[in-house]
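Just below sit the structures, each encoded as C-alpha cells.
The same chain A turns up in both complexes below, where it pairs with chain B and then with chain C.
Let's look at the complex of A and B:
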C-alpha cells in the first residue's frame, strides 16, 4: 500500500522535480555568471574588497536564496491541492493505511526532493564559490545559506499543512504563523550572521507534526 | 495521541510567533520618545554643562548649578567643540588655560575614540589587507592582495585565488623569529586608507602575547610589544592619529580600557568606573567615548538611562565627574505595562550585530499576566484538556491565544 501511495506522489511530482532540477542547475549557472561579471568589471582585488566588506556575494546568489521557498511552495501545491479539491482526501483516508503513515510518508517523500535540491545547491555553491574565492569566504557564504534552506523547508511543511486544513479561517491563521516563521530565517544582512541556529532547526523540525491535526479535523468534518 | 501532539505543536508555533511580534507591536504603539540630555564639560567655567531638548524645538542650555545660557553663550562655554562657529563669529578667545586658540591648533591637539557594542565582535570575513607603511606616494595606497592570519600567515592573490608563496613565507618567518605562536586569536587594524599613516596590525597570538606587525618597504616588521598577556584582552582597536600619543586602545574582559602608547607600547589605563558602580562601563551594553582636548580629557559612558561623565586633566588625573539619569527603557510606562501583559518576549535583535533568537522573561510582572490568562481560560471554557492549562501556565497570553483559537477536537 505504501508503495502505491509513494508512486502516486511521484506521478504528481515528477514533472516538477525535473523542472526544479533544471532550475537548480540554472541558479548555479547564473551565480557563476554573476560572479564572473562582477570580477570582470570590478577587477579581481576590488571585487574581493566588495565581497569581503560589503557582502556582495549575498547579492550574487540571490536565486539560491529564493529557490528553496519557491520549490517548497510548488511541491506542496502540486502534492496536496489535487487531494483537497472536492474533498478527495476523504478517499485517501479510507485506504487500508493509517492516516499517520499516509500523510507523513507523502510529506516525507516530497521533502526528500526538496532536500535533494538543497544538498545540490549547497555542494554546487561550494564548488562555484571556491573557484573564485578563498576558504574564508566559502565558509561564510555556505553558513549564510543554512537559514535560507531552513526557510525553504519551513515553507514546504507549512504550505502542506495549510492546504490539508479543511477550513479557511484556520488556513488564514496558519498562513500568518507560517509567514512569520519563514521570515525568521531571512533576517541576516551579512554573511553567517545567525547564532543559535539549532533553535531555528528545531522549529522547522517539529513542523511536519502539524499535518496530523489538519487531517484529524478533516476526518471529523468539523467547521 | 498523535493528534494531540500535533495540536500542541501548532500551539507551540503560534506561541513562538506571538512572542516574537505581539510585544513588539505593543511597543510600537505605545512607546514614547524620551529626550535625553547631551552633557559636556566647560573648560571656561570649569563646570559640567548640558543641553536638554524639550518637544517643539525648545532647547535648554544649562550648567549643573542651574544657570541658563543662550545658544551663543553655550557655544562660548565649549570653545574646543564649537571652535569653527566661534572663529567665524570672532568670539574665540586668544588663549584659554595657556593654550593658543586657533582652529588649526585645536584640531591638531584633539582626538576622539569610541567603543560601541557593535564594534567589539561583529560578524566579519577574516581576511585582511596590509598597507605599505612607508610608501612613495602622499596618500596610503591600497594593496592588491589580502592575507589570512590563522594557523599561518598567507597572502592571497585575488586574480588567481591562490597563495603568494614568497611573500607569505617572508612574513611567516619574520613572525616566528619575533616569537609569535600561531594561531592568532585577535587580528586588529584600521583597515582603511583614509588615515594619515598606517601602523599595521596588533595581533594576539596563541599564548596571549601581543605583537605589532607592519610592512615597511615590502618587508615585514614584527615586534613583540611586551603587553601583559594576562590582562584578558578581548579586542584591540587601532586609530592612527598625527598626535602620535597612542597606536590604539584595547578592551579587556573586565571592561577595562587601555591606551597603547607610543612609549614602547606602555599601556595607560583610562578610568571606566564611576563612584556609583551602577554606572560602571560594561562593554556589551554601553557606549564609551573618550575625547582628548588641548586642556583636558572627557570620558562619557552612555548606557540605558544614564550618561556618566568623567573629566581628566592633561596628566590623566581625575578632576571631576558627574552623572545624569533619566528613566531607563524598562521602567517607562509602556514597558512596565508590557511586562504585566506578556510573560516574556522573543526577539532576534542583538547589539553585537548578530541575529540571535533570545528570550527576555518579565520576571515577576509576567506572573500576573499568566494568572489573568489562566483565569480567562477557566471562564471561557469548561471542558478542556488539562495540558492546555499547563501551556497557559508557562506562556501566558501567547498560549491563551493558541489554545482558544485552535480548539481541541475530540
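Let's look at the complex of A and C:
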C-alpha cells in the first residue's frame, strides 16, 4: 500500500523533480561562474575585502538561497492542491490505510526529494567554494546556508499543512505563523549570525505532524 | 436480520441550525436503498456522516458494525464510495488509476474495470482530467466494481450525466448488484432512476425521516385521491393519521393517504364532507415523493 501512495505522489511530482534538478545544477553553475568572476576580475585584495570581509559570497548566491524555499512551496502545491480541489482528499481518506501512514508517507516522499536537492546543493556548494577558498571560508558560507535549507524544509511542511487545512480562516492564521517562522531563516546578511540552529531544527522536525491535525479537522467535517 | 447500516438517534447541527433530529435508520443487507429528499432536508449531511466525513453532534451511526467516523482500514476496504461529481484522481491516466487502486484491495477484480473502460474506446494513457463527466463516471464505477465491496454508497451518481450515461450506469449497477448480492445506498435527483433501481426508498423530510419502506409497498399502499368541492378549503388537515398531505387548487382537492379509499371517505364523513366523486389517481414515485413532502 505504501508503494501505491508513493506511486501516486511520484505521478504528481515527477516533472517538478526534473525541473528542480535542472535548476539546482544551474544555480551551482552560476555560483562557479560568479566565483571565477571575483577571482579573475577583482583580484586578491578585493576578494578578501568583499567576499570574506563583507560576506559578498553570501549575498550573491541568491539562487542557492531561494531555491529550497521555492522548491518546498512548489512541491507542496503540486502534491496537495489537486487533493484538496473538489475535496478530492476524500478519496485518499477512504483508502484502506491508516491516515497517519497515508499522510506521513505522502509528506515524507515529497520531503525526500526536497532533502535530496538540499543535500546536493550543500555538497555542491562545498565542492565549488572549496576549489577557490580556504576551509574557514567554506565552513562560514556553508554554516550560513543551513538556515535557508531549514527555511525550505519549513516552507514545505507548513505549505502542506495550510493546503490540507479545510477552512480559509485557519489557513490565514497558519500562513501568518508560517511566515514568521520561515522569515527568521532569511534575515542574516553576514556570516556567523545563527548560533542556535538546533531550535529551528527541532521546530522543523515536528512540523510533519501538523498535517495530522489538518486531517483530523477535515474528517470531522469542519467548515 | 443483519444490518449493514444502523443509525441511532442521529442528531446534527451546523452552528445553531438543526439539520438532523434524532434520526433512526437501519439498512438491511443485500438491498438497494434510494434516499430521497428535497434540498436542505439533511440528505447530504446523512451521506457525509455515513461516508465518515462528518462527525454527528450526537447519536451513533454504525457502518458494517463500526462507527462511521472512525472506520478501520479493513472496513473501508469493504465499502465502495462514489462521491458527488464522480470524484477521481484526475491527474492520473486510465491505466495509472487502476494500478494505484489495485494495490489496496486483495480481492481486486480488474476485469470489471476494464470491461467498463472498454466501452469508452479510449487509450490506456488517456488522462481522467480530459474526460467528460459521463466517461469519468464509468471510470469511477469500474473502480468500485473492481474493489468488490460489500456496501456501495453512491452520492448523487446521476449528477452531470446525460440520459445515455445514466442508463448505462444504472444497467451496469443493477446487473452487478443483483449478481453479487451487494447492499447499495444511493441518492439521486432523478427520481425515475431511483424508481428503476431501488428495492427500498428512504424519504427525508425536515430534520427527520418521513418513511422507509420497500418501493413496491409504497406504490401499493400510498394513494392519491381527487375530488371537487369549493366549500371545504382548509377543513381537511394533513397529518391526522388518515390524510398524509392535502393540496387545494381552485375547487380541486387532492388528498394523499396510506389508507384505502373507503377509509378516506369515512374520514371525510366525520369531517362533515360527503363526496361522491373521489377518484384514485395512480402515481409515479416522483409524484408520491411530492405528495409526501409537499411542493414547497
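The criterion applied here is as follows: the second predicted complex is superposed on the first by the 222 of 223 C-alpha atoms of A that agree within 3 Å, B and C clash if a C-alpha of one lies under 4 Å from a C-alpha of the other, contacts with A are read in each partner's own complex, and residues count from 1 in each chain.
As a working rule, a contact is a pair of C-beta atoms (placed from the backbone, for glycine too) under 8 Å apart; a residue touches a chain by one contact, two chains touch by 3 or more.
Source: prediction; values computed, not measured.
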Check the residue A:167 against both partner chains and state whether it touches chain B (first), chain C (second), both, or neither.
-> neither
First (chain B), second (chain C), both or neither: which does A:7 touch?
-> second
May I ask you to decide whether A:132 touches chain B, chain C, both, or neither, giving the answer as first, second, both or neither?
-> first
Look at A:220 in the shared chain and tell me whether it touches chain B only, chain C only, both, or neither; answer first, second, both or neither.
-> both
Quick one: classify A:192 as touching chain B (first), chain C (second), both or neither.
-> first
Looking at the overlay, what does A:96 touch: chain B (first), chain C (second), both, or neither?
-> second
When the two structures are overlaid on chain A, which partner does A:87 contact: first (chain B), second (chain C), both, or neither?
-> second
Which chain A residues come up in both lists, the one for chain B and the one for chain C?
-> 220
Of all residues in chain A, which touch chain B in the complex?
-> 44-45, 47-49, 51-52, 100, 131-134, 136-137, 140, 170, 173-174, 176-177, 180-181, 184, 187-188, 190-196, 199-200, 203, 206-207, 209-213, 216-217, 220, 222
Within their complex, state which residues of chain C touch chain A.
-> 14, 48, 51-55, 69, 73-74, 76-77, 79, 81, 83, 85, 87-92, 96, 99-101, 103-105
List of chain A residues in touch with chain C within their complex | 1, 3-4, 7-8, 11-12, 82, 86-88, 90-91, 93-98, 218-221, 223
The residues of chain B that touch chain A in their complex are 2-3, 5-7, 9-10, 12-14, 16-17, 20-21, 123, 125-127, 129, 143-146, 148, 156, 158-159, 161, 348, 350, 353-358, 405-406, 409
